[in-house]
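This is the structure, below, for whatever I ask next.
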Amino acid sequence: MNYMNYLRKERMPLIWCTGCGNGIVLKSLLRAVERLGWDKNEIVMVSGIGCSSRTSGYVDFNTVHTTHGRALAFATGIKMARPELKVIVCSGDGDSTAIGGNHFIHTARRNIDLTLLVFNNNIYGMTGGQYSPTTPMGGWGSTAPYGNAESAFDICGLAAAAGASYVARGTVYHVMQLDKLIEGALLKKGFSIVEAITPCPTYFGRHNNQKTPVAMMNWQEENTVTAARAAKLPPEQLKGKIITGVLTDRDLPEYVEEYEKLVERLRAQDNLAR
Amino acid sequence: MNYMNYLRKERMPLIWCTGCGNGIVLKSLLRAVERLGWDKNEIVMVSGIGCSSRTSGYVDFNTVHTTHGRALAFATGIKMARPELKVIVCSGDGDSTAIGGNHFIHTARRNIDLTLLVFNNNIYGMTGGQYSPTTPMGGWGSTAPYGNAESAFDICGLAAAAGASYVARGTVYHVMQLDKLIEGALLKKGFSIVEAITPCPTYFGRHNNQKTPVAMMNWQEENTVTAARAAKLPPEQLKGKIITGVLTDRDLPEYVEEYEKLVERLRAQDNLAR
Amino acid sequence: MTTTTTPRPSNGKATTPVQILLEAPWCKGCAICADLCAKNVFVMKNNLPMIVNLSACTRCMLCEMRCPDFALTVI
Amino acid sequence: MTTTTTPRPSNGKATTPVQILLEAPWCKGCAICADLCAKNVFVMKNNLPMIVNLSACTRCMLCEMRCPDFALTVI
Amino acid sequence: MKTLTPRTHMMAGNTACVEAALLAGVRFYAGYPITPSSEIAELMARRLPLLGGKFIQMEDEIASIAAIIGASLAGMKAMTATSGPGFSLMQENLGYACMTEVPCLIVNVQRGGPSTGLPTSPAQSDVMQARWGTHGDHPIIALAPSSVRETFDETIRGLNLSEKYRVPVILLLDEIVAHVNEKVTLPSTEEIEIIARTKPLEASEQYLPFAHTASGVPPMANIGEGYRYHVTGLAHDESGFPTGEAKKVDALIRRLHRKIDDHLDDIIQIKTEYLEGAELAVFAYGSTARSARRAVLMAREENIPVCLIRPVTLWPFPVEQLRGWAKQFSHVLVPEMNLGQMAHEVEHAVQSATKVVSLTRIDGEPIHPQQIFAKIKELAQR
Amino acid sequence: MKTLTPRTHMMAGNTACVEAALLAGVRFYAGYPITPSSEIAELMARRLPLLGGKFIQMEDEIASIAAIIGASLAGMKAMTATSGPGFSLMQENLGYACMTEVPCLIVNVQRGGPSTGLPTSPAQSDVMQARWGTHGDHPIIALAPSSVRETFDETIRGLNLSEKYRVPVILLLDEIVAHVNEKVTLPSTEEIEIIARTKPLEASEQYLPFAHTASGVPPMANIGEGYRYHVTGLAHDESGFPTGEAKKVDALIRRLHRKIDDHLDDIIQIKTEYLEGAELAVFAYGSTARSARRAVLMAREENIPVCLIRPVTLWPFPVEQLRGWAKQFSHVLVPEMNLGQMAHEVEHAVQSATKVVSLTRIDGEPIHPQQIFAKIKELAQR
Amino acid sequence: MSFHYEIRLSGSGGQGLVLAGHILAEAAALYDGNNATQSQSYGPEARGGASRSEVIISDGDIDYPKATHVDLMLALTQQACNKYVGDLRAGGILLVDANEVANLPHGDYKIYAAPIAQIAEQEVGKKVVTNMVALGLITELSQVVTTAAVEQALRKRVPKGTEEINLKAFHKGREAALKLQNHSFSSTGAENGALANEVEAPFSLE
Amino acid sequence: MSFHYEIRLSGSGGQGLVLAGHILAEAAALYDGNNATQSQSYGPEARGGASRSEVIISDGDIDYPKATHVDLMLALTQQACNKYVGDLRAGGILLVDANEVANLPHGDYKIYAAPIAQIAEQEVGKKVVTNMVALGLITELSQVVTTAAVEQALRKRVPKGTEEINLKAFHKGREAALKLQNHSFSSTGAENGALANEVEAPFSLE
């Protein structure tokens, strides 16, 4: 496919570091959009602040680069105002689960029809490698020089517990799978989230024994198990492994629709009253 | 027991409405404290803003009535600063899961050794009955005059997914069970939370077909199933039911302890280096 | 402070007399004590619980535990 | 823009010639394309992927899909 | 019994605010309840669905202002309402709205502060915060009506200014104006002017969403109208993309201010009574202006030559107007339910052309006319 | 090669801030990273565990300030650091610290605003926000050092003032002061005065945690020391419990201000060079004062009678000092990396005793000495 | 001739005094053609304590919307009476519920005591209409609103289907007032402090 | 005699120029006893673009800590050269990596071109010490710091165990400078615009 149909070419090359996985996620998203044949005028990309949140600057959609952690709340306003728009939110692990954690769980609870792509590089890339809520315990961060003492979030588990319709996890190594997961998310009615595991070679890899972008890609290969396979493996073989695939896919009431049902109910009552 | 040993008698009577369940939760907590024989000087009660958060004004502990939604963050500072203190947080459903949702999930993730009591009355009582993240879909709130279009949180499910060690749910009707749940929470190392279902007759009951405090108590009786019994019942019999009991109880790394281990590791290295 | 004392009937359980104390100024008349007592020990009168059947009391303590306003004490 | 064209070897799969295009100014030399290509089609040279074995290419597209910088195109 | 026009009602300020906003075209409300603003949310929840609009209660105030900015970008007139603590939380995104030039209305029904303070008591202690609460240099419009009818008018005017200048506008009510029920006769719809944002005329390719136009205000395309531009809180150039180039940054920030500074006449509303020949002035706003007016009337009855200066626009501050009148007065008395926040600005404006006397109250009680009257008498005798 | 004292280092402002804080006894840091303040968090994360202190990275800035207030209540000296966007988010709880009188230090390393603005560029555009960012009337202390050494000193002084007056103190750095590495010779520990909060002497039963003492500052018991009192952001009486009684509320809010207003001499630091006989003044703070100093030296070489006035304490504002000197100057030039925020305050203070000329820059570039010098020359010729 | 009349309705939350105030103000402003304001006060954070609702009626502008020289005050509870009587002007009317307010304040007041809640309960059959009984009393005692205007405002304001019972209560109140009109008295008052420890009635935002 | 000397080190992120600046400044300030400041600039939000580190050395106070009349500028990449050469004063020294900077700027500069990275790679054996090679060149070309001071500062600043290789690189740089010293030249320059589309090197906070 010709990615350039969806990019603001004059903004290229990308700002990201050598081997940063953000571009791979972006490409996967664009392929999904192309397959779905969506009209660029109807797509809105909303992002927060972070390396990954810079994605919105490159795509030729309606793009809103908001404040740190708040992208989902802005996106909720956009979607409510114009439900016919397709709203995609790009966000980092910090943006969506640290400062933005509350909007994350509430968007999931309302199950509003948005798609969230979490670029999970297990670190705050933009600000120089501080540990994030997904940095593994014991891992390095510039604010965890002796190893991180905090437990990490399972982003997907949290999204499911909060009420999201569709929850999936993929990696940039397994790019074909990622394409499918994102496409599934875009098609799903309700809140859909894809956690894309992506390398930050500059801060995460360099200090966490994955010295090169390629090493980080290979690490992904070695440490992931698909949900389908995982179901068949004994727990001890899953220790420390990342489970990929569609983890939750269910039909739950979607907020905008529920709201519109309410309006229609009122209209009907109103007509009745006349 | 003589509750007065733990109360600031000069602040009585309680500010709460007739039949408000907050006092029942408070009593249950005091009984648990008495059974444990804790020293009042070592107990800190931290609360946010809301009817339930007024609890801190009545108890003869070290009490901090903070800002709306932030009690857990204040409590984290207190606990980190003085780990030997027993820190109990009292909060409403709105305080802890609406505006305070982010601190809720992060406190759970860090699994810091605090106990959180959520007074869940399914509404914002203090400000006049607006719907909360736990108001059932279709229920009334002063901002949901036609019925709430949002899905509700499962507070306990969320806490567990975020990483809490101990998660339990009780009701003020089942007050003996509540005592045990709270005692279990106080004793647990790590983040422990008890969701206490409690009536707000003034706003929730009045408008949601539970006209009196007694009707609300009876509603609790009729609509709860213990986790033990629930395990044996078919799903269709559990529909709409509230599951009570200890829902999660596990040993996970506790933050303050992990931090102190880190400090010790550093000390050891330091000694080695000398 | 209303104090009502009566010897417990010898139903094979406790033998000390039950006392139920009401801190009337704190009672808000919610009727939880009265309506949820399995033994119908109280009736509500003038917005306050009035003891009408103390002898039936099993000292289960539930009325005390459920009184939201620290107004009832069973001893 | 480096354009390399070669007829595909007839290994029973595709028959049109594979082309791999590099938008050199966008390439940052991460080596993902080169090191992860199962067929070792590239080697890194001067921080850029250099095609050394185009005939081995199976047109799996993975190098293109994984190039983070939109620098590689396989056609 | 007299017959009144059907536009005469007993109404509270919070209600008037909602009715005016709906009339002005607000169709999106996001908020988080807080006393004494909650009635605005409650009424919106009741009214909006019936008008095909959207009401959403967000998880907090940060999300609330974010949602209205989003909705406004998508083309809806949008607003929120809160009080001090919530207003503090909105500051970051308020700055975002300034920087990205997104029209919206933020109502702050002031209550006693700081912190949780006195949640049900009136105050006027967020007026400086309204100007300076968010980080970085930014322009702001803030309006402070004194009556229910004026709340109605200023809500509409605030929304109009917001759309016209692409700025967030802050409506500063206080608990008294918000909650008092009084008799109002609303204007007929023909009397009401409603302004909508200017749309671009050029094609998408030529469109500069943050153009340095002569007026300072760039036309605004809504999301979904085919313009596909970029919106960011980073310093940006006319096209909307981030820039760190000093010249472009300078041009942006100065234009943001120019939008307001070049249109002071349009934005500033300041009302006076008995100005002519007055030797003393009372400068008062919001509900305090009601007490001040009563006090001025009492003083006039005793032939004290005192006038009332009543700014309805608090920001931009009416510096020129005050400076023009200042010489005429021996004193300007500034009663306010705070510790002299506007008195400081008055003092700055008049530059020792007259003495400024600050009358403060921060105990949760409104300032009584008698208190102001006593002070006027004292000043008249100096 | 010369031999220097072991206290001489090349050090950046952010580093000096950390070292000073640790020396002054800070043992608790909670923060959320943000450019250009992140080095403070990173250094704290490295240093605190080695000193038995606690470092925690919170989920956001709201939680960060909440955690330090909690830790301070529990008896630890505590601080956080952030920049504009995070500082905006801290406003609600900053007001809580003011209301509950909890000592703590908040560092705001200023960067270009509004909104995300210019994250890596210097600015001084949060000085008004530092004063007025939270809702409600509240007093504040804000300090703005110009050099690395002064950052060291003011960090200690800030912590001291915070403990002494039971107030949150804001240290306003800018990106330049924070990031420049320069040669500093630190004071020896004997030269450093460290102040800790006053503890109550009375028994728990007699203790009034918010007593209206003569100094205005009530002694403070830490959590766990047996005093078991109540802390609330609601208006409260001397015992700490909520009250709505007008008299008590009034007494509380006025005492909170009195604490500061009665101790201006202790709190205000303002430095001058060449004041005597000067006919022109440059009023500058933070890193801009460095350029101003250079410009003044250049002008002095051309025999222009200009002086430098350099406030280190920005809030409370040195009104009296300025007012005292004002008559001596034909002009006061106020260069600052914002649109004239302090120039406005200077203008207020001098009350037309002298003309105030504002020199502004908001494009992410520091103000160059040459730019100030040119302006001085121009003013000298007027 | 210009007039300015201040009415304060006090009691505990949930007694419908805000509604009564609304009706009074609307009657005066919308149907009698005067000006009127109505306002209420809350305790901290909306819970707790005595509650009051105030109505000012005037034929001129009403600048200051809070009552300060109250012409007529209603007190349905002792606590409210104690707390709010301070602003009642000398010579003003104090209307109390005879069964609730035992300790009458000391002062130059015209005091009327009627068993207001009891009338509602026994003569109308519903305690919730206590506020309307009080409204009837106030209408007659104050003479600042016309009966017809109050009737109209009341019909508009009360929930549909409850108009008649509310009107009945209103008229019972008026009748009680007519009986009382010659029976006002003053009191030497009791110490207010005596009641300090009394339970605070819960308050709910109406 | 008073002096004030401004050095700008430019290249792309990750080339260790901040460290080189630190060493230079510490050498001057801590071991030569002068004053010095060191500062660096970042792109927006810490990512992207060319990077620079600046050192000012003086025997007096350094008020303004940013370089404005640069006496010596190092450019390790073409992009950095284009972007930052503007502040190089007339007659100032421009030191470029000969293999990287093909288009030399037009101007009254003393230009020295050395294969800096190549020296590191080939003569020292590690490309990462490019910064230390540059440091050696600068030490000799500028003559504002003593070799001994730089050696001391370098030993203190580089990671333990790498002192020798870094020192080796430093001295290789010095040697290169000594060879070059008579080989500066000026250039008529190329159009800068030609390179506008070139890739921006990634930047990382060091």
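Order as written gives the chain letters A, B, C, D, E, F, G and H; numbering starts at 1 within each chain.
The rule is short, and it goes like this: contacts are C-beta pairs under 8 Å (C-beta built on N, C-alpha and C of every residue); 3 or more make two chains touch, one makes a residue touch a chain.
This is a predicted model, so every value here is computed, not measured.
Enquirer: Quick one: how many steps at least from chain D to chain F, stepping chain to touching chain?
Expert: Minimal hop count between chain D and chain F: 2.
Enquirer: If you average the Cα atoms per chain, which one ends up farthest from chain F?
Expert: Here the answer is chain C, farthest from chain F.
Enquirer: Between B-E and B-F, which chain pair shares more contacting C-beta pairs?
Expert: Most contacts of the two pairs: B-F.
Enquirer: When the centre of a chain is set as the mean of its C-alpha atoms, what distance in Å lies between chain D and chain H?
Expert: Taking the average C-alpha coordinate of chain D and of chain H, the gap between them is 37 Å.
Enquirer: Mind checking the centre-to-centre distance between chain A and chain F? Centres are C-alpha means, answer in whole Å.
Expert: 39
Enquirer: By the touch rule stated above, which residues of chain B touch at least two different other chains?
Expert: Those would be 13, 16-18, 20, 49, 67, 98-99, 101-102, 106, 127-128, 133, 146, 150, 259, 262, 266.
Enquirer: Counting only residues that touch at least 2 other chains, which ones in chain D make the list?
Expert: 25-26, 28
Enquirer: What are the residue numbers in chain H that touch two or more other chains?
Expert: Correct list: 43-46, 199, 202.
Enquirer: For the complex, which residues does chain C have touching chain B?
Expert: Interface residues on chain C, with respect to chain B: 25-26, 28-32, 35-36, 62, 65-70.
Enquirer: How about chain H: which of its residues touch chain F in the complex?
Expert: Checking each residue of chain H against chain F gives 22, 25-26, 29-33, 35-46, 62-66, 68, 146, 148-149, 152.
Enquirer: Flag every residue of chain B that touches chain F in the complex, lowest number first.
Expert: The contact residues of chain B facing chain F are 8, 11, 40-42, 44, 46, 56-57, 60-67, 70, 73-82, 84-85, 102-103, 106, 259, 262-263, 266, 270.
Enquirer: Taking the touch rule as given, give the residues of chain E at its contact with chain G in the complex, in rising order.
Expert: It comes out as residues 1-2, 4, 8-10, 35, 116, 118-120, 176, 179-183, 287, 290-291, 293-294, 297, 366, 368-370.
Enquirer: What residues of chain F sit close enough to touch chain B in their complex?
Expert: By the definition above, chain F touches chain B via 28, 30, 49-50, 52, 54, 56, 58-60, 62-64, 66-76, 78, 92-93, 96, 223-234, 241-242.
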